[in-house]
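Presented below are the structures under discussion, each in the form of structure tokens.
Two complexes, one shared chain (subunit A), two partners (subunit B, subunit C).
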Partner chain A sequence: MIGTLLAIARKDLIMFFRYPINAVFRIVEPIMWLTPAFFLGRGFSVDGTATGFAAYTGTGDFFSFILLGSLLGAYISAVFWGIGYSLKMEMDSGVLESNWMTPVPRLAFLVGRTLTSLVVTTLNCTGVLLASWLLFGFSAGGPVGKAMLITLPMLAGLYGFGFAFAGLVLLMRDANTLVDVSSFLVGELSGRGFPVTVLPRALMVISLVLPTTYGFDAVRALLLGTKPLLPLGVAAVVLVGFMVAMLVLGGMAFSAIERVCRARGTLGMH
Partner chain B sequence: MNERQDAVEVVGLRKVFERRARRGLLRRAPNGAKTLIAVDGIDFRVKRGEIFGLLGPNGAGKTTTIKMLCTLLSPTSGTARVAGHDVVREAAKVRSSLGTVLTGERSVYWKLTGRENLRYYAALYRIPRRKARERIAELLERLELAGRADELVEKYSSGMKQRLALARALLPSPPILLLDEPTVGLDPQAARNLRQTIFDLQAEGKTVLLTTHYMAEADDLCDRIAIIDQGKVIALDSPAALKEGLGAKEGVRLEIQGEPNGLGDALRAVASVESVAVRPSANGVGTCELQVITSSSRRSIGPIIESVRAAGHEVVHFQVVQPTLEDVFISLTGKSLRD
Partner chain C sequence: MGILKRVRDGLGIMLAVAVKELIQFRRYPSWVIAVFIWPLLFPMMSVFSARALAGPEGQALHAFAALSGTTDYTGYIIVGLVMWMWLNMTLWTLGSFMRSEQMRGTLEATWLCPVSRLGVLLGATCSQLLISMVNLTVSLIAFRYIWGFRIVGNLGLTALLFILSAAAVYGLGIAFASLVMWVKEANAMVFLVRGLFMVFCGMTYPLAVLPGWMRIVSRGLPLTYSIDGIRAVALAGAGLADVMGHIAALAAFAVVTLVAGFVAFRWTERRVLRTGALGHY
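Right, the complex of A and B next:
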């Protein structure tokens, strides 16, 4: 099984690096997105501390807050895009059927295809961190290992979400916008770019229902010393619960939809 | 698969599609869901080692049948077994006994080289790495791709892409091959080579189930043929037996100038004419072709030419031919295979 996943990832990586200039550009590109956040943060700061911001979060370090949010957010989009978008690409180019005629379980294709986008995202993030350190003097303190550990169940849970999502792509085919919008909304409402406590009541309710919110929050609490929404232990339990529930539900949803598609005959290029 | 078992066994297989009218975001479809019977209860058996053809016009249900056999589509009803395994209940076993080429050219990654493609698919079939390397080299050699194995597939010709797709299907050494319109889009030479490859595969003991809408191809390649039209098998036998079934009948091919308005019916009224198919000639000079089946060309040639003249047409070309599979199809359905 691992061999199969690696073969899928390898194939995607070969294609990603087939045009090296393009690949390099896609890896360094995210660095540019962060630059405005840095200057924006500086603009609102008094003596290097964004005071209004600090009142909401417990840290005046606006830039680091945004930076961590962006890094985690990048992994969220990686899972969304890795699953939904690549499924659509393979449907459109016609290779989906020849993949699905092999004895490999279909969920394995979904997981396998995100591996490459996770690798690319990790390269992105490394680049961003390096640039942040060199250009903006960012340095991470705190228990980095623990912070990474707590993001694992969050990512795994997102896979479950991605499975269900893949089902939608199978049904609707033209899901680019859907992928974009939902990845954006989940990212924003989880507090990728701001503390969710600033949201109006109605939106905050949605935020607090999204387990990813607690993932973002916990990582920041650990690394930046922000006030956490939930005690860390509780956040970890929430995230593990989310992971199990989402993997099971997402897998079931995908299988059910896939069965519908096999009846309707909408997998190929009819 | 034990000795006496059929390679493929299809009983009462049916596929009904729900035709959804396109729906707007807020509007409901005006006339609800309609159904389309793509495959309408077909039966056939493919013997081991045989080349078996599904011959029929576009939309007859050939691809739908193949997709049900390779587990990409679930049947609405009926059963199908491949190498003794049920396509619904034992889908995984079916998938590992089959090599399938659907839309050949599109079933491989254009942004990978031929070799990279095969390496990828070999991993999906869980062929151990060393064995895969040998098998890939052997298949590339045999399908005459070895020289360009390390070029991107997008630079390949149609014929090469089709051969690569076949190599992909052959990777797990499946006992049974399903080929959907394998020579479509190939130039005549490439098509001839591919047919030779199919014969070679048969000689190695493989069973081949293929579809085609080229009657000459079916005639040349297949040991037995199921003629399929509108989802139904309307005849099933060896090509020779199908043609003999027409007995002493003969085919008359007429090419006339202009549109055949109503001429088909006029010809059908001629004594000893059994069926008539009309199709526009694809020659770009504004003629069209009539394919007539008659129990006696001697008695019908005169009246046929008179009817054509009476309708104000000029006969450009005229020929009496031995019945072909095309004539079998015309006599069964009253229409041409190549509409």
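Right, the complex of A and C next:
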């Protein structure tokens, strides 16, 4: 089983590095999105401090706030595109049916892809952090280990959710817009680029229902000293609950949808 | 008579390609949905970030107004986003048009037809123009009712600046399509070019916050003049005399980029035929 997972992960890594321009752009593109945010922050700053932003969040360092949001948001995108959409790519390439003929549990394909996705996204995030340090003078303070610890259940829960989402994509077959819009909305409503307290009431309700909101919030509270929405202990319990629920439900949903697709004979259609 | 026939044939192929592209577009409902849904969602991040930066009591608005000349950050950001979205759609459509044909293996067959190749590209441009107009209309309605965006200045002058900007953007798009055929990589090229415009053109922020060297680069990009000119007219009610410089700059950019686009296309066309790389990907 572990051999299978590693084989799938290795295959995906080889494919990723076979397109070096794309690999480089996975680091360059986030910087291009972060740069306007950096200058937007300067547009509202007095003597380098975003005073209005500080009144909302407790920190005047808008760029670090948005950088951390962007890094955590990268994992959300990875789940939607790398996991949720991965089966669609196999469908398009015409290899899904032959892969699934092999005597390997179907969920192993997704777990294998998850490993690659985690490695690649972490490498990208490291590159973005390095570039942000060089270009924008970003430096992290606070308990980094604790912040990483609180991120782990959020990531595990997200990837569990990705399994269910992969099932949905399998069912829909043409799902670019679904993936694109879902990824964008979950990222934005979790507070990737702003504190969720600025949202209109209806949107804030949705935002506060998303467990990822508390993950983003807790990491920023630990590293930047922002005012948290929930005490950190409570946020950690919410995230662990999210992880358990999503891993179980995501796996079950994927298996159920996969059976439906096999019964309908739509696996190879696109 | 010969010229008339060539023009008629050219228009015929443009129309045929445009219709073919629109049929293909309609066959994927999710593409159609995307045209309607993104204008509603796209301003979210920048506008809510700006709202947070302004502060709960608007305490940082004076800092923004000192640099931008307005406290209406929503309208300010929306004008920048509209122009950038137009550029983004043009680059994706024209860049991926040739590339998709290359990857599907239909480009060589299409180019063997006794029709103008430029007409083929211009046909794709026409269908893209129509889709972008729908997108723009939806955007303006969504911005009006969701974000409270209003054009307070002269509508005709705003339209003139927009048309000149669109001409410059299509010139860039045609040159870009040639570049993609040459480099054989559409995605990365779109990310690079649209990213440069995003960083340098003041899409969401006043150019006054940029370091000196970045401001010099920004003056070499047409979208800088589009965004600045349309903001001045649509949001602050500037008149013709106030934006004459912007109009002149955009007209010059339109001529230069369109000529450069056509020259680049002709050059690439000859090059791929000579090297036999037309069908390579």
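The criterion applied here is as follows: the second predicted complex is superposed on the first by the 265 of 270 C-alpha atoms of A that agree within 3 Å, B and C clash if a C-alpha of one lies under 4 Å from a C-alpha of the other, contacts with A are read in each partner's own complex, and residues count from 1 in each chain.
The definition used in the following text is that contacts are C-beta pairs under 8 Å (C-beta built on N, C-alpha and C of every residue); 3 or more make two chains touch, one makes a residue touch a chain.
All figures in this text were calculated on a predicted structure; none of them were measured in a lab.
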item: Joint occupancy of subunit A by subunit B and subunit C, clash or fit; value: fit
item: Which of subunit B and subunit C A:F53 touches, first, second, both or neither; value: second
item: Subunit B versus subunit C as contact partner of A:P195, first or second or both or neither; value: second
item: Partner chain(s) touched by A:E29 [first = subunit B, second = subunit C, both, neither]; value: second
item: Touched partner set for A:F39, first subunit B, second subunit C, both or neither; value: second
item: First, second, both or neither for A:S70, with subunit B first and subunit C second; value: neither
item: A:I14 touches, of subunit B and subunit C: first, second, both or neither?; value: first
item: Larger contact residue set on subunit A - subunit B or subunit C; value: C
item: Partner chain(s) touched by A:R262 [first = subunit B, second = subunit C, both, neither]; value: first
item: Closest Cα approach, subunit C to subunit B, once both complexes are overlaid on chain A (Å); value: 8
item: Subunit A to subunit C touching residues, read off their complex; value: 21-22, 24-25, 28-29, 32-33, 35-37, 39-46, 50-57, 62, 66, 174-178, 180-181, 184-185, 188, 192-195, 198-199
item: Contact set on subunit C toward subunit A in their complex; value: 28-31, 33-34, 37, 41, 44-46, 48-61, 63-64, 67-68, 185, 187-188, 191-192, 195-196, 198-199, 203-206, 209-210
item: Subunit B - residues contacting subunit A, complex; value: 15, 17-18, 64, 67, 70-74, 76, 92, 95-96, 98, 100, 102-103, 106-112, 116, 119-121, 123-126, 165, 168
item: Subunit A residues within the subunit B interface of the complex; value: 3-4, 6-8, 10-11, 14-15, 18, 93-95, 97-104, 259, 262-265, 267-269
